[in-house]
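The data blocks that follow each hold one structure.
You will see subunit A twice below: alongside subunit B first, and alongside subunit C after that.
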Partner chain A sequence: MAELLVKGGFVIDPTRRIDGDVMDVAIKDGKIVEKVGPGAKVIDAKGKVVMAGGVDVHAHVAGPKVNVGRLFRPEDKLFKSPNAQKNYRMEMGFSIPSTFKTGYDYARMGYSFVMEAAMPPLHSPHVHEEIHDTPIIDEAALPVFANNWFVLEYLKNGEIENSAAYVAWLITATKGYGIKLVNPGGTAAWAWGLNCLTLQDPVPYFDITPAEIITGLIKTNEYLGLPHSMHIHQNNLGNPGNYEVTLESLKLAEGYKAKNKFGREQVMHSTHIQFHSYGGDGWANFESKAKEVMDYVNTQKNITVDLGCVTLDETTTMTADGPFEHHLNGLNHLKWANVDVELETAAGVVPYVYDKDIKVCGIQWAIGLELGLYAKDPMRTFITTDHPNAGPFTRYPRIIKWLMSKKAREATLDTFKHKDKVIDATNIHGIDTERTLYEIAQMTRAGPAKALGFSRMFGGLAPGMDADVAVFDLNYKSMPSDPEKIEQAFQRASWFIKSGEIVVKNGDIASHGNKRTIWVNAKVKENPQVMRDIHEKFLKDYTVGILNYPVHDYLAPHPLVIDVDVEA
Partner chain B sequence: MPKLITQVGCPYCGSSCDDLEVLVSDDGKKILETHNACVIGNEIFHHVSSPSRPKKPRMRQPDGTMKEISYDEAVDFTAKTLLKSKKPLIYGFGSTNCEGMSAVARVAEKAGAVLDNCASICHGPSFLAIFDNGYPSCTLGEVKNRADVVVFWGCNPMHAHPRHTSRYSIFPRGFFTTKGQMQRTIICVDPRETDTAKLADMHLMIKQGHDYDLFDAFRTVLRGHPIPEEVAGIKREKIEEAAEAMKKARFCMIFFGMGCCHTDGRNHNIDIAISTTRDLNTYTKASIMAMRGHYNIAGPGQVWSWQFGFPYCLDLSKGTHAHMNPGETSSIDLAMRDEVDCFVNVGTDAGAHFPIAAIKHLKKHPFITVDPNICMASEISDLHIPVRVVGVEEPGVVYRMDNVPIQFKKVIDGPEGVPSDEELFDMVYKRMCELTQTEPFWILAKGHAQASTPTEH
Partner chain C sequence: MPTITLKPYKTPELMLECYNITPDVFAGKKPEEIAELEIREGKTRVKLGDFFEASGSSGMTAAETDIHIAGDCTRVKYIGNKMTAGSITVDGNADMYVGGWMKGGKIHVKGNVHSFCGIAMEGGEILVDGNAENYVGCAYRGDWRGMRGGTIRIKGNAGNDIGTFMLGGTIIIENNAFIHVSTHAEGGTVIIKGDVQGRVGGQMVKGDIYVFGNIQYMLPGFKQVDKVEKEVDGEKATFLHYIGDLGERHPKSKGKEIYANLYVKA
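Let's turn to the complex of A and B:
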């Protein structure tokens, strides 16, 4: 592979505490190296910002519910699909783009990795089919566990070792990456049309509480020493006053310490925290509790969060939180899709319009940004939109703009019909903080890479790391006074080099790159009881044969397998 | 020693059973026995060794006879025909794997074709209703483990999906349904006394074409309002009894088929069926599911949705973006208006399923069939290209009627020299690239995971 030299840019690399130094980045054979020979192709980055490739810790980009969204929303394509770039596949859709558009758009923003945030295990071949049809970017997927019959039964009996053996088997069988929890217990209850809104609501039949599931899966995760921590979408999402349940769930992580060899420090990643930071007891007095939630997160080093910022778009909500989507459908009365998945999970999909002229939407917008501004440790607070739930991932540059510019926030606030009510219910108007480029690099690169356990690969520009290098048209020394310029720069990278190959030039796709599927091969001591349980459930309760369940290797044609061996 | 292969998927109906056992000869070339399959599934496995099966492409000659040609010639003809056509129509896909559908999508995009699947003449109206009203559904295991009231509306699984009732919907003993059939109330809505209706606890013999009325009556009763003495030919007491059973169910499942989506009202019937399901969810748990016909007819809806955003009727002829507008871009309508100038029939039999008038128009232009077997379409084609049989000679991912992906196996080798759908369409694609002097670009398709497009940096 050719040698490359990204020359003379303002390098921002929080992994080495480099903040805007004018430096060269040398690339050889897909890795960052100390130096390259004189024959290297030179990319002139003078006057531009150079960062590592972006790392998205949580987005719904591949799999059955994403595809339900695509399938049942033809209107998401109408007049919202840009014309195909010559010699590349068609790009269709806005809030739930086609796989090709997903890959191209992440690359255009200089992103190298995205985590598919919820993989129903039974549907894992589907998830991998979509992943291998998503060009350029590396991807992994988190199987969902918090409503899985095996896990509920093992944890009810306090059998962490068995829970770990099952989790290891399933992650390996589905080529998954870690442990995802969605509405612990609540989704299992949804199979009977019920829900668990507090941490003490017993799950029907299984007679275990959400709190027990959460702590059980923290223990399971640390028993296995997985690269990522348990990753939770908490109970009672989206309801006024839910911040109390949020704090209660976060507190369950107290006392646990990360045990792994991947450099991860947190034991809980609490995702799209915006949806969980609501005060009030109804929509009339709905208000921000971002400060209360973030004050707690700031004190707890073993917790990471991502924001889930509302971007004020028409979008498509989708989650394994089946009862929530049913509830949301009762609020907006648009179309509703649902899939309950035998023994494992569920999912719902409902289109949603975050209208700037609706008070609640404006407050949600403010809460997402407040959380990003109140965070004391940008290495533990990551930018997301819970794509496509609070807005599409293609709006990350807009969120960066809002976080970096009070002027931009005020300009948006000025467009709200209920500006005064939004200001009353939030703190956004009084916050002067403006995030720096260094902090943005922490929140989109170094931080998520570390939380996911690949700080040696992604998130920085140190020699030996993957050569994922994004060059943005921003002058570090003289940042534009017009915040729109910040958004534009992050929307379309001047250059993006992925795995040592130029994939984007002037915001246009230049190559289909070298896409990889990253998955964890988890090995535990042979556990005959768990294997017997698995075989029995497949024989009796599943409708698919156990031999046809594990994802075949050819569906992940360029795997990057991370071995986790508990015995070793 | 013959070898017994277990947990084999069956390439017949939308039940996509994956619990077949197939006994294969020592040399792995012949199927000796199949176990667990229904009569039709069994026939599919045995049919592959039929001596009448074509093993070479056949091209129509000026005198009307068919002559065997090589695969290279067939690929060349297909590629050139597609490139020459202004608006080719590529249709079918009831019976192939998702890998094949992906390969065809590449070809269609390159050719600027209309890409459509059998849903167009099958559950197309259901898609229209789903676009409008959503789809509260579940996997078939949920039905097996939980459903205590099961409604079959305009469908007859006893004939069309022979093992559906024993694997998923009436008979099986599931986790919360340990008594199997004893624990389930079966309601059948059908104008005929079908074999499914005979099995039902309640048969509502609906007046044909009055499905919407009956759904409306159900919704009215569910909400506690009065209804007329008789609706759609059914007495009020009977409707109230059925509605009460559905409302009191712990888990109510509604299956619907062609009898619902292709009778008067069409998509509106499905729309109100979905609304009924939504209503029921305010009282209990309810789900609805289309009885998809073929083992992988849910597949193109999935593959093309993630690639283009639409499940069927995709017009790619604009080159820059896909366009879907059933009625305008649907196969039958295009054919009836004589708007396409090349027809490729893949893994289905348009010859048997399309109206004669549509076929007459299509026959004015090049007509190509890609299918393992002789069928009506193959016999009126200008070119018939045989391929391997998915699920028997070719593995791959298929989507069951509940959109659960199942990784089908192959149990024997295909006839020598006969490609799979995927291989064939990749050859066509490569040939099209050669002819247009363009670079092919693969995005990690099976087998040929070459990276990247060579472009100027």
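Let's turn to the complex of A and C:
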């Protein structure tokens, strides 16, 4: 592979505490190296910012519910799908872009990895087919566990070892990456038309509480020593006053310590925390509790969070939190899709318009940003939109702009119809913090890479790491006074090199790159009881045979397998 | 008003997608420039001048520009797409999407139109002397935001799915219609001077429908509440007043539920 030299840029690499030093980045054979020969192709980054490729810890970009969104929202493509380009594939859609547009858009923003945040295990072959169909970026997927019959039964009996054996089997069978929880217990209760809105609401039939599921899966995760921590979408999402449940769930992580060989320090990743930081007891006195939630997160080193910022767009909500989507449909009366995934989970999809002239939407917008501004440790607080739930991932540059510029926040606030009411219900107007480029690199690169347990590959520019290098047209020494320029720079990278290959040049796609699927091969000591349980359930309860269940190798033809061996 | 005349001189092999035939695009352009505008034949990029001979002159703004298509447009889609002002006259038939997403101005088709005439229209006026196929003044596939304003008048018959998800504006069918009128509508008015086969007002939340002829199969979700005399589109008549669709959600105003109204000539 050719040698490359990214020359003379302002390098920002929090993994080595480099903040804007003018340096060269040398690349050979897909890795970053100390130096290259004189024949290397030189990329002039003079006067520009150089960062590692972005790492997205949580987005819904592949799989059945994304596809349901695409199918039932043809209007998402209307007038938003440019005609076919010369060398590359047609791009379609806005909030639920086609697989090709997904890959292209991430690459244009200089992102090298995205985590598909909720894989229904039964439908994992579909998830992997779509992942394979998405060009350029590396991807992994988190299978959902918190409403899975096996897990509920093992955890009810306190059988962590059995739970771990099952989880390891399932992660390996579905080529998954870690443990995802979505509305623990609530989605299982939804099969009875119920929900679990507090941590003590028992799940019907299984007679286990969300609190028991959460701690049980923290223990399972640390028993296995997986690269990522348990990754939770908490109970009572999106409801006024839910911050109390949020704090209660976060506190469940107290006393647990990360046990793994991947450099991960947290035991709980609490996702799209914006949706869980609401005060008030109804929509009329709905208010921000971002400070209360972030104050706690700041004190707890074993918790990471991502923001889930509302971007004020028309978007498509989709989640394995089935009861929530039903509730949302009752609020906005738009389309609703709902599905049960036998023995495992459920999902719902509803379009949603975050209208800047609706008070609640304005408050939600403010809460997401407040969380990002109150965070004391940017290495534990990551930028997301819970794509596409709070907005499409293509708005990350806009969130960066808001976090980096009070002027930009005030300009957006000024466009609100209920500006004063939003200011009353939030703290955003009084916050003067402006994030630096270094902190943005922590929140989008070094931080999430560490939390996902692959900081030896992604998130930095040290020799030996993957050669994912993004060059942005921003002058570190004289940042533009117009915040729009920040957004523009992050929207379309001047250059993006992925695995040592130039994939974006002047904001345009230059190559389909070398996409990889990252999955965890988890091995535990043979557990005859769990294997018997699995075979029995496939005979008795599943409508598919066990041989048709796993994701075969041909569905992930470019794998990067991370081995986890509990015995070793 | 300055008029640009387009004379069709060649029949395309595939349908032409002419997003560019609007007063907004033509305004301030000379006929030579108009002939150079890009259109598509299927997926192939072609020029307007490959199929039409342009002559005359345009105004400085859309409002001052009139377009006269002196011939048949049976294979031409998207005439007047998103237009905001000015006028278009088609001497013959037109294909799908006449006046789609139109915001203002006037379109007169002297022949028939195909489907999706006035789709997601916001304002302006469409007059069709002949018949319309399906989806007159409907919403885009999947969208819950249909026609919001303006007037569509079809002098002949219309097919199915008239005013789906309609929010405002008026659709007048002077002859008969087939099925599915104002499905899911939350506003607007549909007037049918002839007969309709059925499925009138299914899942309708708000809005009005007037039928001067006969509804062959009435939906069970509508209930007669009154008999009223009304003047509709210049005609006075006595109507049976139904409300519905009782199977659908209905918003409340001042503590009272608001229903959609269906008036059928007594």
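Worth a mention:
As a convention for this text, the second predicted complex is superposed on the first by the 568 of 568 C-alpha atoms of A that agree within 3 Å, B and C clash if a C-alpha of one lies under 4 Å from a C-alpha of the other, contacts with A are read in each partner's own complex, and residues count from 1 in each chain.
We take it that a contact is a pair of C-beta atoms (placed from the backbone, for glycine too) under 8 Å apart; a residue touches a chain by one contact, two chains touch by 3 or more.
Being a predicted model, the structure only gives us computed values, none of them experimental.
Once the two complexes are laid over each other on the shared chain, residue contacts for A:Lys335 go to subunit B and to subunit C alike. Of the two partner chains, subunit B is the only one that A:Gly545 touches; subunit C does not reach it. Contact with subunit B, but none with subunit C, is seen for A:Gly513 once the two complexes are overlaid on the shared chain.
Between subunit B and subunit C, it is B that contacts the larger number of residues in subunit A.
Shared-chain residue A:Trp283: touches no atom of subunit B or subunit C.
Contacts of A:Pro74 after superposition: both subunit B and subunit C are touched.
In the superposition on the C-alpha atoms of chain A, the part of subunit A touched by subunit B in one complex and by subunit C in the other spans residues 72-74, 76, 84, 334-335.
Residues 6-7, 9, 18-19, 98, 102, 109, 127, 130-142, 144-146, 167-168, 174-176, 250-251, 278, 281, 284-285, 287, 301-303, 305-311, 316, 319-322, 324, 397, 399, 403-409, 438-439, 441, 443-444, 446-447, 449, 451-453, 455, 457 of subunit B touch subunit A in their complex.
Interface of subunit C with subunit A (complex): residues 43, 140-144, 249.
On the side of subunit A, the complex with subunit C involves touching residues 72-76, 78, 84, 333-335, 351.
Listed in rising order, the residues of subunit A touching subunit B in the complex are 41, 62, 64, 66-68, 70-74, 76-77, 81-84, 87-93, 96-100, 122-123, 125-126, 129-130, 132-133, 135, 191-193, 205, 326, 329, 334-343, 346, 349-350, 501-502, 505, 510-515, 540-548, 551-552, 554-555, 557-558.
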